[in-house]
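A, B, C, D and E are the chain letters, set down in written order, and residue numbers restart from 1 in every chain.
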Amino acid sequence: MAAATDRVKQILSWYSSDNVGVKTNLARLMMHGSLAGTGKFVILPVDQGFEHGPARSFAPNPGGYDPDYHFQLAIDAGCNAYAAPLGSLEVSADKFAGQIPTILKLNNSDTLAKVDQPCSAVTASVKDAVRLGCVAIGYTIYPGSGARNVQYEELRDLVREAKEAGLPTIVWSYPRGAGISKEGETAVDVAGYAAQIACQLGAHVVKVKPPKDFVEQAETKKVFEKYSIPTKTLADRVKHVVQGCMNGKRIVIFSGGEAKGTEEVLEEVRGLAAGGSFGSIMGRNAFQRPRAEALQLLASVMEIFRKAT
Amino acid sequence: MAAATDRVKQILSWYSSDNVGVKTNLARLMMHGSLAGTGKFVILPVDQGFEHGPARSFAPNPGGYDPDYHFQLAIDAGCNAYAAPLGSLEVSADKFAGQIPTILKLNNSDTLAKVDQPCSAVTASVKDAVRLGCVAIGYTIYPGSGARNVQYEELRDLVREAKEAGLPTIVWSYPRGAGISKEGETAVDVAGYAAQIACQLGAHVVKVKPPKDFVEQAETKKVFEKYSIPTKTLADRVKHVVQGCMNGKRIVIFSGGEAKGTEEVLEEVRGLAAGGSFGSIMGRNAFQRPRAEALQLLASVMEIFRKAT
Amino acid sequence: MAAATDRVKQILSWYSSDNVGVKTNLARLMMHGSLAGTGKFVILPVDQGFEHGPARSFAPNPGGYDPDYHFQLAIDAGCNAYAAPLGSLEVSADKFAGQIPTILKLNNSDTLAKVDQPCSAVTASVKDAVRLGCVAIGYTIYPGSGARNVQYEELRDLVREAKEAGLPTIVWSYPRGAGISKEGETAVDVAGYAAQIACQLGAHVVKVKPPKDFVEQAETKKVFEKYSIPTKTLADRVKHVVQGCMNGKRIVIFSGGEAKGTEEVLEEVRGLAAGGSFGSIMGRNAFQRPRAEALQLLASVMEIFRKAT
Amino acid sequence: MAAATDRVKQILSWYSSDNVGVKTNLARLMMHGSLAGTGKFVILPVDQGFEHGPARSFAPNPGGYDPDYHFQLAIDAGCNAYAAPLGSLEVSADKFAGQIPTILKLNNSDTLAKVDQPCSAVTASVKDAVRLGCVAIGYTIYPGSGARNVQYEELRDLVREAKEAGLPTIVWSYPRGAGISKEGETAVDVAGYAAQIACQLGAHVVKVKPPKDFVEQAETKKVFEKYSIPTKTLADRVKHVVQGCMNGKRIVIFSGGEAKGTEEVLEEVRGLAAGGSFGSIMGRNAFQRPRAEALQLLASVMEIFRKAT
Amino acid sequence: MAAATDRVKQILSWYSSDNVGVKTNLARLMMHGSLAGTGKFVILPVDQGFEHGPARSFAPNPGGYDPDYHFQLAIDAGCNAYAAPLGSLEVSADKFAGQIPTILKLNNSDTLAKVDQPCSAVTASVKDAVRLGCVAIGYTIYPGSGARNVQYEELRDLVREAKEAGLPTIVWSYPRGAGISKEGETAVDVAGYAAQIACQLGAHVVKVKPPKDFVEQAETKKVFEKYSIPTKTLADRVKHVVQGCMNGKRIVIFSGGEAKGTEEVLEEVRGLAAGGSFGSIMGRNAFQRPRAEALQLLASVMEIFRKAT
């Protein structure tokens, strides 16, 4: 690992209440891959086998049935890190040990069950993350769910246990549940609120979806209007989310969502970068493409973020 | 820290069953800021980013998106303490270490979820409070909620764990839930009852809302009438709440509620002071004002309480 | 503490499976106050601030807002013990240390919440009882509640932990819930059954309400008729409850219930004494009276029990 | 304790995976009382004070209000063991220490509450059993209840903890709940299934009710018909249950149920013995009779089982 | 145990993140019985006494009432392992110690109770498996059940505890519950998804039912059509499931289901083998046949798998 750049040191300074172990692993995330030292992130997450099933996830590019495929893709693309559930890391982590920082996603959901209040199952532990050589844990919350307390309290314990093991926590914050309309799940106010909640719960890195030009909550809508908070461009909306992340003092990255055309992906990434996003976490748009295309796309995404520094 | 005044010593004498660590931290709260030594309190609490979302909380005065802002405001205003959830303290506690007593709010709720019975999530731990150098923990109960047992029992464990760490507990007691009408949430009898419950659960400091001239419970109404308990002025009602706090042997402070005009705020504070309140805990009325105005308002509030000693 | 009388030794002999610590504290209860050595009990319990709210409890005699008041009343009246929730003992226990045996009531309920199945919250711990110098713990069960398993199982753990700390357990057994009619809550068969359950759960002392001349359960009614079990006088009914307490080998005392006239109270106490009750636990009828009247009434009650030995 | 007979050694050989402590206490059960050495059992269980209330249980023979009565009855009758809930053993265990093996019934239910899914409360612990000098623990399951998982999982933990303390486990297996018709509770197929479940959960001794000539489950009925499994006589049905108990390699005994006439009791016991039952566990039919009659009846029952060896 | 073959070493290489203890026991499973060294499995599971009741399970071949019968059958047939619930192993494990690898099935369900969301009870522990000399634990999940989180989280803890004891985990993955149609329980997409979930949860060996030519989930159906995934033959469908098992890097075996004719069984096994199954787990089709027939059938099944290597 090279010496940390000034930007990396600046970002680390916002985590000054954390122990050196946690800061060391945050530094590892920021000092690896093509974007090393820039303070920007492109992460490859592959939990879709669990979340959507293997056929929907890997049939478009069957190499992906094999967990090794994704590890190698993330390494070759120069990603900052690779994130996956327990089983995928069990198969491949030993083989690729030390080649790329890994993030163990501790909770997961599937689409086979019908549940009243969305709530992922905690399917792995901090001890597993340590055992598998990971640099961070990942955890998904669904603000808006009636089961939110279960999720926030599990996260509280995991954050604390991870800190004791020197691991930072990355929180996937996906508003969902009876308290929110379908459209509201990606509303700009809800995105900003969801990011704030993740930060308050102790997340070191927050992941949200790119917000839409829509305000969900009635009380908040009045505030957006009264203070003329701009929401028209993606950059505007990302800026609002970044503010909600402790005024930019917590790293926030955005997901890519469903697979789509290359130009569409890049256009979105440009908006994210312009709004001040710390980076992208891109799954299906990467691994469902043929490998060569995926490497090309990821390189383009990284280039956009590099230019934004 | 200066030598404790007689008033501070008197107040500490009511906590004689507590260990020296707890009393030391109670003394720290009472010996800091403009009101040091008076036994009066003005505390700055900033949990609205979690409770109402960042836009509603900070758009009126955008400096507040940054947790450092509030820390500095509380220090410059001469508050006794600054209270916030985990994430806010993670960002700023190290930077301002030792400059003002801090209170870690251990449980929090958001407005994204619809829940049947109000119950905050426990989002941080006593160990976090110790690690972050806090002098006390904060916890919210909702008497009147069907989930009251969960909350009282969590609080029991946290009070005990905090005592063992030498930390006193501040309980936000907010009547709410299926057992109480909307108007009843600030009824004078309910406020007194809610304060009593907090004390019986082991709170060292109780925080309630200023009660209204309304009696909610039928059985209690008969008693108020039979014994002609006065409820007409805010001072009358505060006096009833103070009685409910072990006849004044437990510290009770009052919140300011929604943002409002300066004179309105001061008028209310005068009523609180006249009724024997130990002080105010004032969030939105402070941090949603421009910084200079906020400092001025807080100084005026402190002046009122100083005169009441 | 004076040497134990033969009667005290006899009562202790029924607790021969308990350790010496528990028996020592049972002896302390029996060897204190006006009735020391008689094997009879008059206990002052003050949990009404929690259970009914401060106004309903203390407005009739406002000195009672202060926890010190009750401690002093119990001492001056020569009660065997004073029982209260955590907060009240926190305020006063240190001040009155060693002057009277105290009982920490570990669970409590309030009247602000509407709950489906009655179940008190466990608001303090055995460790608190030890820390506060108590000689026993108190716990309330609601036989008849759908939440009975929660209550019985909490009690099981508390009894065991208390034993390990040398503390006996006093169980308030109040039938209540969907399984019982309102009238049935004080039915003689239900009272006897509730007392038996408390004993089987390991209670050292049982507290029930004075039973009425009514049989609730159909199957039991046949038995009362077939075997001509008398239920007409209070003494008859108390005798049945005493039988249900391991044929008198577990101490059972009766509460006084709502405040009422002095003669009415004494008449009831005479019935209790005639039926073989080990004593009374008298709250509102004591502390809601002016202090002098209360002392007089308690002296009269003690006199009745003394004569019954 | 005399030297173990060949039959006792044979029975112990089926428990070869257990530790010596457990086998020692199984041997104590088999080597005590009138049937010592025969491998047959007559046990006196008295949990009816808890399960049905004191009046229904003890009014027919009021000596039984006193726990000492039952201890003495079991000793004088030459029973293998006496089984009771915590409270009864607390009163008497020290007095009769070492005179008869005792079984602590760890969970109990009462008839005061209405519960949706039958589930007893765990009212005592393995530690209590050890402290009170017991040779075994007892636990009731209700196969057919929607709360079955709670019960099976509690039992799993108790069996393990008991083994570690050298105590075998006796499981009362009483089919009951929404999954079974009233008549089905004593159906022969259900009895056999309930016995199998208890064995699979690790029971050392199983207790079921004498099955009736009725098959509850549709799928199983086809099997009984296809393979012509006889169910006409009680002996036939007991034989089926014994098969379900690991082909006779787990001890299974049968309860007597409600009080009835002497000849009726003995007729039933003859059927049990003919079918290969290891014995009877007889409560109300014993302790609700006058003591002399009870001793006579128990002697007759033991004689029947002795002849069956 | 003979020296591991190259195939066994290859399979073990996919478990490289596991500790040596786990790999040793995986090797024991693969190096025992007729198929030793081939990397193929035929396992005898007997949990039907618990799952369907003793009569339905053992009346067709009454020798099976005795747990010893199955142990001896598995040994004589040359199976890789014998799997059973706690009670069955308690009876026989000591007698047959060291003669065949055993698997303790940690959770079980019965057909007596009606439950809203299918969820087995955890009826034994990893400590039991260690105590009884087992080489692995078994656990059943019901993907599609509303109680899935309970099951996945229990499994997470058991997998971790088992790893610490050097034991691999075999997961029975049976889709079932409100999220899935009856037909969908054996749909090919659901089978593949259920297998993937088991792998992601950390299963070392997965057991599913042979999938049918049916696709349940609408979104997945589109994918099967778009990418022309073949599902017509059993071999096609098994191949899809094997892909879902980390592209074949996790062992997956298939159950036989209800008893049926010999040729029907063998035809199905041929399909499994052709699709790349690692083997069969065959219960009722083995133990409900007369012993000689069962041995013959198992030998034929093994022969099919041997030829497929």
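Criterion: a contact is a pair of C-beta atoms (placed from the backbone, for glycine too) under 8 Å apart; a residue touches a chain by one contact, two chains touch by 3 or more.
Model, not experiment: these values are computed from the prediction.
**Student:** Which chains contact both subunit A and subunit E?
**Tutor:** Touching subunit A and subunit E alike: no chains returned.
**Student:** Could the interface between the copies subunit B and subunit C be described as same, meaning over half of its residue numbers are common to both, or is it different?
**Tutor:** different
**Student:** Could you give the separation in Å between the centres of subunit D and subunit E, each centre being the mean of its C-alpha atoms?
**Tutor:** Taking the average C-alpha coordinate of subunit D and of subunit E, the gap between them is 36 Å.
**Student:** When the centre of a chain is set as the mean of its C-alpha atoms, what distance in Å lies between subunit B and subunit E?
**Tutor:** A distance of 58 Å separates the two centres.
**Student:** I need the residues of subunit C touching at least two other chains; which ones are they?
**Tutor:** none
**Student:** Taking chains as nodes and touches as edges, what kind of graph is this: line, ring, star, complete or other?
**Tutor:** Its topology is that of a ring.
**Student:** Quick one: what's the order of chains around the ring if we set off from subunit A and go to subunit B first?
**Tutor:** Chains encountered around the ring, subunit A first and subunit B next: A, B, C, D, E.
**Student:** In their complex, what parts of subunit C are in touch with subunit D?
**Tutor:** Residues in contact with subunit D: 14-18, 143-146, 148-149, 152-153, 156, 160, 175, 177-180, 189-190, 192-194, 196-197, 199-203, 217, 219-220, 223-224, 226-227, 229, 240, 243-244, 246-247, 249-250.
**Student:** So in the complex, the part of subunit A that touches subunit E is made up of which residues?
**Tutor:** 49-50, 52-56, 58-60, 62, 65-67, 85-91, 93-95, 108, 110-116, 119-125, 127-128, 131-132
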